[in-house]
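One structure is given below, represented as structure tokens, and several questions about it will come after.
Each chain carries a letter (A, B and C) given by its place in the written order, and its residues are counted from 1.
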Amino acid sequence: MSSSLSGKLPEFGRFPERIGAILPPVVLIVALILLWSWSAGTGLLPKWLLPSPQAVLGEFSHHSATLLKHARMTAFEALGGFALGALAGAGGAFLLTLVPFLRDMLYPYALASRAIPIIVFTPLIVVMLGRGLVPIILIVAFATYFPVFLALLRGLNTLNADRMELLHSLSATPLQILWKIRLPSSLPMLFAALKVSASGAFITALVTEWIGSNVGLGYLVMVSGQYFKLATMWAAIFSASLMTLALLGLIVLIERLMGRYTSLATEV
Amino acid sequence: MTPSLAPRRVILPVIYGIALLIAWEALAHSGAVSRLVLAGPLEIVVAGVRNWSELGFNAGVTLAQALIGAAIGNVAGLLVAICFVHWGFFRRAVFPLAILCEAIPVVAILPVLILWLGNGMAPKIFVAAFLSFFPMLVNAYRGLSNVDEEVRELLYSYSATASQMLWKVRMPAAVPFMFTALKLSACSSMIASLVAEWLASERGLGFLVVYYGQSYRVADIWSAAILSCLISLGLYGITAACERRALSRSSP
Amino acid sequence: MRGPALSLAFEGRRPWHWMGLDIVMLNAFPDEATRVRAATLPAGLYADGIDVVFRRGSHSVQALKDCSLDIPRGSWATLIGASGCGKSTLLRVFADIVKPTAGTALLHGVSPAEARANRIYALVQQGSTMLPWRSIIDNVALGLEISGLPKSTRYARAEEALALVGLKGFEKSLPSELSGGMRQRAAIARALTLRPRFLLMDEPFGALDEITRDRLHFELLRILEETGATLLLVTHSISEAVILSDKVIVMTPRPGRISEIIEVDFGRGRTPDLRGDPRFVQYEAQLRRALHQPA
């Protein structure tokens, strides 16, 4: 443990340090892919378990049109539902923060809602609305709504006493308090929730496609699994992961850009 | 949140809940919504009671998968987090990879898992474990490394061993963070277990919902779906209660 | 620490313009009824029989008991006493943050709530609160922003105030990049931008080094003299209390009450040479005795 003290020092982004941060995971990933390729090539890894990386890559180039069609659908469902749910969640949190009557009435339900597995209602919603885009976007929106709503509600209502006193002594209006203190200090929680919801949105979209749709990557994974078209299946899985990563990356980027709100707000 | 509950904070939600139930019942009877889609709350309760043995058995299966998966995932996550804290090189190599893996919609690879593990409980447990693993890993690592610099220097000056550091300082500091992960996993392991039963399964609440759905037994679907919500709420509630007890002792 | 910034701040303008003395004199109460009432009542800080009881569930703490004081307009008072004796609480009664359980508090003849609504006082909190996501200049301009002043005015005033407390050049820094003492100075600057008629300060110089503290003491006194503002300041330092006061209000704990009020007769135009004055030593000794007296 002698390194525990000096371990604090090398946090500066000096060149050797950056290499130290980037190199190990890259080496590990390359090694894993080589191992995968090698064991598939020698037949150590049976084809039905995992097709070779070359086969999966080939799938991307040969069937790009099919993959693109399904991916577009999934992206549309996930992003549409995510945007809808996040907006509704933010709106709900503001409403409950500003209207004490609603807050008192709905707060226990809001708290309980985080534990509700909305996705189990998919079969019902499919019965109600039929298969297709609308029920899936709706379910994704619900799955996004609750984390965002709860995080923002909590953030907006976790008050720093000193800051509130300061604004009180300046005779600020409730709206000024909301904009100048409550909203900025709730941003770290909001971004944490958005990150959880981003992967949640894709998972939900993929899974609801199993019973709610006949296009989309989730559907493709299921069907190609049933017909043992494993390369297609893995290509679909990787496409879905890439899209999730892209959305996550976007959110992290925005979070970084708003660094002075998101990284410092909990300190000082 | 606040210890003193104003009466209106109890009465208003109760009134709201009752009003909602009555409106729901009325809506179900009004014929505005097809009987094929909406069942009234009374009907759902009756269906649930009539079906209790079937529901109970399948709920048990789903719950068992969720709990076993959550246990495996959380323990593994904690162990890996402890390794991360002690072996910086291991962490630097694996942590970015772990974060990448978190983006894999693992529930969606269920068809693969069924190919690998058959269609018994194993793939469901695997998915539940996978979904619990990453939140625990990330949160526990954050908690374990969330040691105040001065405390760390103090223990350093006592020349404490790594394991003393772990048990006396890091673990207690990580407890609140671990509960955050446990609460997440209480819900996600249940969701994983339920959804995993949609594919190639003959048991479990998730299977029941789909099965009833195919035969348009609306009240039965509702009763199974609501039962799964109640179980999920129960798991979450128990975890939250444990959290409150554990944390009330450490901080006033 | 005394840099060119300070002389710049006042260059080319009359001091009362800087603190908005005209505003203080003519337009402290935009609301007519309050203005009329205020004209007939004690113009300084006034408290009569203030009790404050904090309730926490079943048990309660008496933080203040029967506190009365009268600080005439334009004069300076400090609150001193052991930790936990209720100094901050008394200050916060005047700031309309703590509502007294019994008794009356008036600022220029109006209740703390009206004083707050009319923005005639400025508060410096014990923790010198900053909003961590705002740059220093935005933190200092916050009060003016809340009052709805146009951007150019509030930045101009905030820059002047920052220069005055020796923070020129740190406008764009974030609070986390500043030391505790620098944050305290920024909090003082924020209060000064408001050109208040009453300055309520809770240990504003606590984290400062001797030298900076000395400089700011006399800077503060000069501003107070130029503007005729009334000061109520909490401190733990005996010499600070003597330098900054016409009245030192000594408090004792459990329950918090005012045990003694010591008049300091140094008048106006105080200078750092004051410390060499034999009366300064006498006041210090008198104050020390008062503080050591059992409750």
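Note that in this section a contact is a pair of C-beta atoms (placed from the backbone, for glycine too) under 8 Å apart; a residue touches a chain by one contact, two chains touch by 3 or more.
Chains and their UniProt names: A, B = NitT/TauT family transport system permease protein; C = NitT/TauT family transport system ATP-binding protein.
All of these numbers come straight from a predicted model, not from anything done at the bench.
A.B. asks: If I average the Cα coordinates per chain and compare with the overall Cα mean, which chain comes out closest?
C.D. replies: If we average C-alpha coordinates per chain, A lands closest to the whole-structure average.
A.B. asks: Would you identify the chain whose Cα-based centre sits farthest away from the centre of subunit A?
C.D. replies: That would be chain C.
A.B. asks: Which pairing of chains accounts for the highest number of C-beta contacts?
C.D. replies: Looking across every pairing, the one with the most contacts is A-B.
A.B. asks: Between subunit A and subunit B, what distance separates the C-alpha centroids? Give it in angstrom.
C.D. replies: The answer is 17 Å.
A.B. asks: Nearest whole angstrom, what separates the Cα centre of subunit A from the Cα centre of subunit C?
C.D. replies: Spacing between the chain centres: roughly 49 Å.
A.B. asks: Rounded to a whole Å, what is the gap between the Cα centroids of subunit B and subunit C?
C.D. replies: Once rounded, the distance between the two centres reads 52 Å.
A.B. asks: If you look only at subunit C, which of its residues touch subunit A in the complex?
C.D. replies: 92, 95-97, 116-117, 119, 121-123, 125, 127, 129-133, 142-143, 145-147, 174-176, 194
A.B. asks: In their shared complex, at which residues does subunit A touch subunit C?
C.D. replies: 162-163, 165-172, 176, 180-181, 184, 260-261, 264-265, 267-268
A.B. asks: Please name which positions on subunit B make contact with subunit A in the complex.
C.D. replies: 1, 6, 8-9, 12-13, 15-17, 36-38, 88-89, 92-97, 100, 102-109, 111-112, 114-116, 149, 152-153, 156, 160-162, 165, 184, 186-187, 190-191, 194-195, 198-199, 205-206, 209-210, 212-213, 216, 218, 221-222, 225, 228-229, 232-233, 235-237
A.B. asks: So in the complex, the part of subunit A that touches subunit B is made up of which residues?
C.D. replies: On the subunit A side, the touching residues are 1, 3-5, 7-8, 20-21, 24-25, 27-29, 48-49, 101, 104-109, 112, 114-117, 119-121, 123-124, 126-128, 157, 196, 199, 202-203, 206-207, 210-211, 217-218, 221-222, 224-226, 228, 230, 233-234, 237, 240-241, 244-245, 248.
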